[in-house]
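Going in written order, the chains are labelled A, B, C, D, E and F, and every chain counts its residues from 1.
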Amino acid sequence: MSREFTHFDESGRARMVNVGEKKSTSRTAIARGAIYMNEETFTKIKNNEMSKGDVLGVAQVAGITGAKKAWDIIPMCHPLFLSGINISFKFCENNCKIEIESTVSIDSKTGVEMEALTAVSTAALTIYDMCKAVDKSMQIGEIRLVKKTGGLSGDVINE
Amino acid sequence: MSREFTHFDESGRARMVNVGEKKSTSRTAIARGAIYMNEETFTKIKNNEMSKGDVLGVAQVAGITGAKKAWDIIPMCHPLFLSGINISFKFCENNCKIEIESTVSIDSKTGVEMEALTAVSTAALTIYDMCKAVDKSMQIGEIRLVKKTGGLSGDVINE
Amino acid sequence: MSREFTHFDESGRARMVNVGEKKSTSRTAIARGAIYMNEETFTKIKNNEMSKGDVLGVAQVAGITGAKKAWDIIPMCHPLFLSGINISFKFCENNCKIEIESTVSIDSKTGVEMEALTAVSTAALTIYDMCKAVDKSMQIGEIRLVKKTGGLSGDVINE
Amino acid sequence: MSREFTHFDESGRARMVNVGEKKSTSRTAIARGAIYMNEETFTKIKNNEMSKGDVLGVAQVAGITGAKKAWDIIPMCHPLFLSGINISFKFCENNCKIEIESTVSIDSKTGVEMEALTAVSTAALTIYDMCKAVDKSMQIGEIRLVKKTGGLSGDVINE
Amino acid sequence: MSREFTHFDESGRARMVNVGEKKSTSRTAIARGAIYMNEETFTKIKNNEMSKGDVLGVAQVAGITGAKKAWDIIPMCHPLFLSGINISFKFCENNCKIEIESTVSIDSKTGVEMEALTAVSTAALTIYDMCKAVDKSMQIGEIRLVKKTGGLSGDVINE
Amino acid sequence: MSREFTHFDESGRARMVNVGEKKSTSRTAIARGAIYMNEETFTKIKNNEMSKGDVLGVAQVAGITGAKKAWDIIPMCHPLFLSGINISFKFCENNCKIEIESTVSIDSKTGVEMEALTAVSTAALTIYDMCKAVDKSMQIGEIRLVKKTGGLSGDVINE
């Protein structure tokens, strides 16, 4: 009756949970996160985006490839055939924050929230990497699952 | 005189910055981050840690291997021979938060803040993955550089 | 009538065998192996396991991630969506040996014995790595398939 | 009516195209490419092939493992369960060229031309690598899709 | 007196050549390659580049990450700490060809021509992947070393 | 005075040991292992080796690439710039065993025994994979360090 961690076997050792019995369904996960920076950096990214030096273009690629590597980065995460990955950015002027949103979809026996979260996290780290020469006090945060549909235990909406 | 993004060439295209001219020095970076969860999950992790079902043990391994993969995850990040990686956790009872700290050291021409930040981010994602069956509203945040020593442009202390 | 190597084409060149025509079935493979060490090391691992310095905890994670990388390590091995991976250890007091057993399951057109064997091999190498400062004469051995079910050519039991 | 790039979302950002709605069919792609070299190198490879020093044997393995890594090398490429991979070589005496052909097959929602092209490209790079000590003016070229069957938009034949 | 393949041991088996005795020097390699396409595709890429849908931006990232993975893709290639990677593109209007040039630099015991060639090859494959929905007859070619400096056997200039 | 596991920090958590203070020296490690099979398989491999279907040729490539991936497979293993890798095989007629020997060399702050052991283990798994259709009772064993030179704690000879 009480929910339990599923990533441990009866002797308490970690395992990759067996999803063989689960039904394959069409699933989607949406995750969000943010990176905070100083005003100078925020403005530079916005300006660069308009010219060709495109911080967010590189972060976009990194987020997509990051989602594909979630199984390699997170030990108990299943290797998956992802159907689609999409990433978008939003500039929040009032607090010099860039918001990152990822949408990952699949037709599978297991959900893709970890892939969506890894996409956001990787995109944020990439923005950090490309701006660290001009700003040494950036912060990445608010990485969370926003929505999850198609799973057997029902949809999850955290918005 | 104004600081510039270094990851773009003169035509505005992204590049991996040439550090060939930089001097090899002994460098260290310390990063920190956190994962927030509900009280049930927080208590379970603490209890599991005392028995053999060890969420943080898996997150520790993931954080270390994550640091080694920063070059693969972050497009403009240099491949590096890391000298040492250490990760520690702190339970913050009052707000059900686990704080993650990584220390990465190297003897090289370039710093290791991205490796330290990737270690923290990967450890947090791994905790998330192992607890998502019991808690669907966790949040990862406050990922930042805390300290950086040995670089040519002087030490950075964000604490 | 005579069984033939399937990993070569008609000109004798290696290939990754085409399994497209095979039927997708639910399959399991169990592999086993062992690592021998001196008494001091054997006792330390056992004691560490009871406290927090957990050699086998790290080996467990390595075994699971190793199974997921079999396709990358073994040239002619198919990339697969593994359903579940489990690893367990047994202390054999009389000869200072730790026995490693892996169980890998999948719903696929091809078996997972290589994944199970790679899991055992990786777990053993990880134990070796973490103990090599105290013991320079360890030996890894007896890596073999113990059981295989669900394949089209019938079950295999080597016990 | 006009065909459009599918790898961009409506805001012009790159994405990994969602193939979730597509039907899973049995698909094959055949790609070809070539490497040109001087006569000395060409003859050495042919001779080595007859003894045990087998440049093409290593290139064969590299081509197969390269196909399996297309998803990791090409940012917008889907991770896939490849059914089979085959590579063959042809010596063209008159212009000291080795022709490389790859055949990749799958049962999936998306085609495998990128896997076939990556196999050819990786095999060619490996031949280059193993011969560069004796020949510094090799050239890789003519990498192209030759045939593609099983896709929803009909077969493609470029021969 | 005659030059020999260095990637084979005395029994004719492949090996990764030992460069331990070689001196560490500052080295650079420049490689070039091209992708041919039909006029429609060529024009679309040029136009997209001016707006935000940036095929070459993604290819640039892929080329840089490809260079970092040369050791993983090419079996006998050494793992290296690359100092810098730069990639540029040139539109050749008269024959609808995009030329790709990579510059890789390092301070090491071995050269980086394979990294430069892999960067070009990966960037070309990425352009192919992103345009294959509109053009099924593209061709990748002319991949070659253009210049190599800093090696112990003297500079190489193929231009 | 008593030797201790070095892969744990003071709180008992695993870490990647800091080797920053160690001196860089020229180091070599030799490892050995074996794979046992039935007589039919043993004879087929020997015969194939004489024709072009070369099981050991593929295993050789796998062993070399395996050594380069030791840092990725073994969690606490340092990423390294390996100088050279060599693998050889010996047919032991009397007990249908193939012996595998690897030699790995480096100029570094840390030894390469794990790389040598991983090379042997990967070569053995590859032989297993390519023969499993004809032999379901093979066994991999006797994987051990044979010799280690150049380390700060003196040479190790286990022969």
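By our rule, a residue touches a chain if its C-beta (ideal position, glycine included) is under 8 Å from a C-beta of that chain, and two chains touch if they have at least 3 such contacts.
Since we're looking at a predicted model, the values are computed, not measured.
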item	value
Any chain in contact with subunit D as well as subunit F	C, E
Candidate from E-F, B-E or B-C with the same interface as D-F, over half of contact pairs in common	B-C
From subunit F, the most remote chain by mean C-alpha position	A
Superposition of subunit B upon subunit C: rotation angle, C-alpha, nearest 5 degrees	180
Distance between chain centroids, defined by C-alpha means - subunit B, subunit F (Å)	31
Between subunit F and subunit C, distance of the C-alpha-averaged centres to the nearest whole Å	16
Junction residues of subunit A - those touching two or more other chains	11, 13-14, 54, 57-58, 61-62, 65, 69, 72, 75-76, 79-81
Contact pairs between chains, per stated definition	A-B, A-C, A-D, A-E, B-C, B-E, B-F, C-D, C-F, D-E, D-F, E-F
Complex contact set, residues of subunit B against subunit C	54, 57-58, 61-62, 65
Interface residues, subunit D side, partner subunit E - complex	3-8, 11-14, 33, 44, 48, 51-55, 57-58, 61-62, 65-66, 69-70, 72-77, 113-114, 117-118, 121-122, 124-126, 128-134, 136-145, 148, 156, 158
Complex contact set, residues of subunit C against subunit D	9, 11, 13-20, 71-72, 75-76, 78-81, 108-109
Complex contact set, residues of subunit B against subunit F	26, 56-57, 60-61, 64-65, 67-69, 79-88, 105-107
